[in-house]
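First the structure, in the form of structure tokens, and then the observations on it.
Chain naming follows the written order as A, B, C and D, and within any one chain the residues start at number 1.
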Amino acid sequence: MEHSFLDDYSEGAHPQILAALAGTNLVQQTAYGDDAYSQEARKLLRQHMGTVNPDVWFVASGTLANILLISSALRSHEAVIAPASGHIVVRETGAIEATGHKIITVPPVEGKLTPNAIIKALETNAHFPHMAKPRLVYISNATEVGTLYTKAELKAISTLCRERGLLLLLDGARLGAALSADKNDLTLKDIAELTDMFWIGGTKVGALLGEAIIISNPELREDFAFHVKQRGALLAKGRILGLQFRELFREGLYFDLARHANAMAARLSDGLSKAGNKFVAETETNQLFPILPNELIAQLKERFDFYVWEPYDANSSITRLVTSWATSAEQVDAFIAEVNKST
Amino acid sequence: MEHSFLDDYSEGAHPQILAALAGTNLVQQTAYGDDAYSQEARKLLRQHMGTVNPDVWFVASGTLANILLISSALRSHEAVIAPASGHIVVRETGAIEATGHKIITVPPVEGKLTPNAIIKALETNAHFPHMAKPRLVYISNATEVGTLYTKAELKAISTLCRERGLLLLLDGARLGAALSADKNDLTLKDIAELTDMFWIGGTKVGALLGEAIIISNPELREDFAFHVKQRGALLAKGRILGLQFRELFREGLYFDLARHANAMAARLSDGLSKAGNKFVAETETNQLFPILPNELIAQLKERFDFYVWEPYDANSSITRLVTSWATSAEQVDAFIAEVNKST
Amino acid sequence: MEHSFLDDYSEGAHPQILAALAGTNLVQQTAYGDDAYSQEARKLLRQHMGTVNPDVWFVASGTLANILLISSALRSHEAVIAPASGHIVVRETGAIEATGHKIITVPPVEGKLTPNAIIKALETNAHFPHMAKPRLVYISNATEVGTLYTKAELKAISTLCRERGLLLLLDGARLGAALSADKNDLTLKDIAELTDMFWIGGTKVGALLGEAIIISNPELREDFAFHVKQRGALLAKGRILGLQFRELFREGLYFDLARHANAMAARLSDGLSKAGNKFVAETETNQLFPILPNELIAQLKERFDFYVWEPYDANSSITRLVTSWATSAEQVDAFIAEVNKST
Amino acid sequence: MEHSFLDDYSEGAHPQILAALAGTNLVQQTAYGDDAYSQEARKLLRQHMGTVNPDVWFVASGTLANILLISSALRSHEAVIAPASGHIVVRETGAIEATGHKIITVPPVEGKLTPNAIIKALETNAHFPHMAKPRLVYISNATEVGTLYTKAELKAISTLCRERGLLLLLDGARLGAALSADKNDLTLKDIAELTDMFWIGGTKVGALLGEAIIISNPELREDFAFHVKQRGALLAKGRILGLQFRELFREGLYFDLARHANAMAARLSDGLSKAGNKFVAETETNQLFPILPNELIAQLKERFDFYVWEPYDANSSITRLVTSWATSAEQVDAFIAEVNKST
């Protein structure tokens, strides 16, 4: 296979990250995340978030981040409201329910949760105490279908949550892609202010592994360390997570890598568009959902890998293409050239 | 208030049950369900179920029965398929999720689950191992809206479950009402054969409390006692549950009480119908869902209690009326007379 | 068998309780514990507890009470300190661990927890966050071996708990026996003031079933109803629990029944003592632990049932005898007469 | 600080591992552990285990490995038997209980579990169904105090477990140190044959992170992938775990690194011994527990870091020193030289 557009985690890490690992390798450091690199990374991240001054933790996977944040914040009778397309709903093997919590799902609008959907969920889950108590709202940015929240949209959700006593959690597995999108008007500071907790994905943006958990709400910070350890997320060599985030945020590498992935997606989108193909949704970040003729799909599959999502009509299918920090313009152009061959 | 049609658990127990409690009160019995009365009740219940020869347990509440059956049958990555109107979905405060299991909800058809809905749920929950594995199907008979499964319908679900390696659990909180309905063509034996486990509600049919758990599938019987104890369901004086089921099944009291409740519902339904009122669903068991003018509702509420479910149109609302073993013909007639006053 | 001294739950309920059930049977009441009888019972119980004015709940079993109180009070990283002989440690099938919480066990002194043992447990469980955080202390009164806490002892534990930020839970499965013992100097009010939550056993004192949960600490009251429902403990006919406690506390029946059981134990103890038998512990409540010759045990077993706990020496064993509200002086005397035959 | 002997995870990874990461970095690989490197690592590990042909998984931490293996193997009423010094008992924040399982602790003999202790635990936990059912035995090799199991010892435990229907899990956080010890007579093949499942620590032997889970018992393999995902242990870039184990087992690096750590411990032990210091236990692997004069401790602490475990007598304390793959002979000699200065 010449190139895979299956996902944004098919390669290792950006070379600068590997270099930092090699360069610090033999320096002895305190274990369990109390190392100098993690401290530096925390400081760098906090600088983005102004007066919020959140607690910062580094963990190995996004599912762990969601498990930790939700299970530490909720009592056993409390439930989560999430869009039916949410990662915790459809791609984490019931991880949240395995910690004892019900997820109340609502229909998403372009992958996003709306204040109206939250209000509806509260109304239909109010027969207390015979129903679990909605207490936390889960959203993803960028969403699972590559769309992103505007500042106004996030603010509306945040305001509603505060009025109704709901905690707000933002899953940022692809937050870099969102914040680096042309349409974006949010900053890390905005998110720290508007949510109670969120996490910044490292894995998909170009780290070997690692997600940074940001806890703004002071009430949710207490004893969080216990949960990190109890769920198996406290790495002996926590330094390797902290160091990667230090590199990502030392001079803006995080945003550079995300911007590159988005640019490659735009280039790909553009090429497909010019070749006459439609999309099921506008390309906003590094995920594209073009509708391609089945014949073309077969032809492309000989050289490139990507997901065929579902049939669109008798002759064409919805596909998913993902670009990453490692995708080159040459790879994109080769794909487009193959597309153009068919016309 | 002259009479409440709010539910079928507003009174105590049928007098024959109280008499049995009084009559055996001072006889010393072995604790924890190993008493003579529980043994007799088990024998009586097994006689209804032919060669299935199931294990039988008695517990204090329906939610406990559902918790026990589901949590003992599933491993932590396994999920339940249930209609969105299912009791475990909307009226048990996330009790199943609290034991660690995801519930996959599907739209009900008149409160019932269909084979097609199960197949659809399997298809959309097949991205393994990123999705919880569907392993158990939950249905209620009578359903939460008072409808019932025909033998053909239950057989179709049962066959599908066995083909697909799914366990089938039937919640029988109002099984008496279902089995005593005019439309019913199922027996306890059918249910024991077609499901892996089910439970027979005592509370709503006329016991003080108590539900009988029936486990047909031999693989699900092992170590069940541990679960009963671990979830707090093993009563020191288990005799009081066993004794009530002995009375219910000694000479058919269980069916008599359910038949009476259904007959009272039919009488009520008939009277309301004759007075020109419509229903959102046909009255099949002891729950009625008449659409009544708001003015009439206000008038009736001065003498009778019942639920106003939701608005139907500007001038009328959907109501819920429930009859029980203790509802008298006089009470029904008084209600109908009040209805007829208004016309 | 002429009589069983196996436990205090081999009979049904005190006749006054059955009479109350019969007398109120057909009165319609609100479901789920909001009935008039439960309200009266709550009021009667609160009258015993002065200004504490606790929340009061009724549930069907002691294990449910422990599950509810512990799981609703703790976050997932918090642990329980309990004597190794505690009911939650050795007789509840890991029910507390099944809700996710570690129990740190310490050696009991005559079945009781001591402040020193708590301090030691805190010291050896302080390697945070690698160890679960001790947060709740569990004791039983009377203890599992029939001993009881003095006011000074309970106060010392309570003071320590408050100094160290620990919640205190008292399991009162046999609280009646404790409060009615000759040595007792505690009142319900003392216990309500010195603990954060406790429960009063109804089953063993003479109810059909039922335990009254008392929550003094206001912080632990919030949303408790959800937990009751989620764990399957909310009975549709909650009236039958409330009514029993109304009867038990209307005119002191609770204390009368416990006092009777203790008196029968004292009579039995006295007779055994006079016949020259020793005990492994002084008889303080309704459990006796006499050391009996194996030959005598064999002889007694022909007419009476009781537990042979463990061998004491080559020729004798430790036995356990339990008296109840239903034990008669005649039964005790018959047992003693049989003992005296052998000498 | 000149050098830290605090633990064996203060440095990064052996350079060969970093080189492998760099060398494969831009090769696109399938996600979630289905990459070529993980496949190669699985093959290399299986070659050590003969006909057992186990399933092999790679996860990021030892606590995750224990959580996954125990929670996937047990039903909710089943308990673990472990030595009171076991890592899951005292250093994992109640992680096992958080998955719902009780741990029955028994006193260790030099950090090890004995068949007699298991038999005793079975005897005192047999009051079924009121006690959780012992179903899995947990041991560590090397143990938490640096001792190791002989083949005869492990065989005795394994035989007992199979006789009694108990599963056997071996925690190999420091398995390399054990297998490379002078006293060792076990092989990976022995362990694969004698246990049902075990895991091989990568982090402490010289990987950045990673533990290899080995499941010998075919019954425990089914659906394990779901558990890995549900607990947050399925890394998108699983390649980085697989690759490290490929390097560790390609040409014996795993054993070389462990042997080096043990040799450094022996050298340190020898030097301390010659300087007249005693140990609380013989040095068998890479952990030493010398008893040092408090004055010497103070002097050493100016240049070296290590744990002061607990007071031994008025003038001396038990200390813990740990060597690793990265400890140099020069560092050991500098420490010994400092010790000798004081004499």
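Operating definition for what follows: a contact is a pair of C-beta atoms (placed from the backbone, for glycine too) under 8 Å apart; a residue touches a chain by one contact, two chains touch by 3 or more.
Since we're looking at a predicted model, the values are computed, not measured.
Interface comparison, A-D against A-C: more C-beta pairs in contact at A-D. When each chain is reduced to the average of its Cα atoms, C sits farthest from subunit A. The geometric centre of subunit C is 43 Å away from that of subunit D, both derived from CA atoms.
As a whole-number value, the distance joining the C-alpha centres of subunit A and subunit D reads 34 Å.
Centroids built from CA atoms put subunit C at 51 Å from subunit A.
Residue positions 76-77, 92-94, 98-100, 129-130, 132, 226, 229-230, 234 of subunit C are each in touch with at least two other chains.
Taken in their complex, subunit B has these residues touching subunit D: 71-72, 75-77, 99-100, 128-130, 132-133, 223, 225-230, 234. Remark: subunit B residues 76-77, 79, 90-94, 97-103, 127, 129-132 touch subunit A in the complex. Subunit C makes touch with subunit B in their complex at residues 1, 3-4, 6-7, 9-13, 15, 18, 21-22, 24-31, 60-67, 92-95, 98, 203-204, 208-209, 226, 229-237, 239-240, 326.
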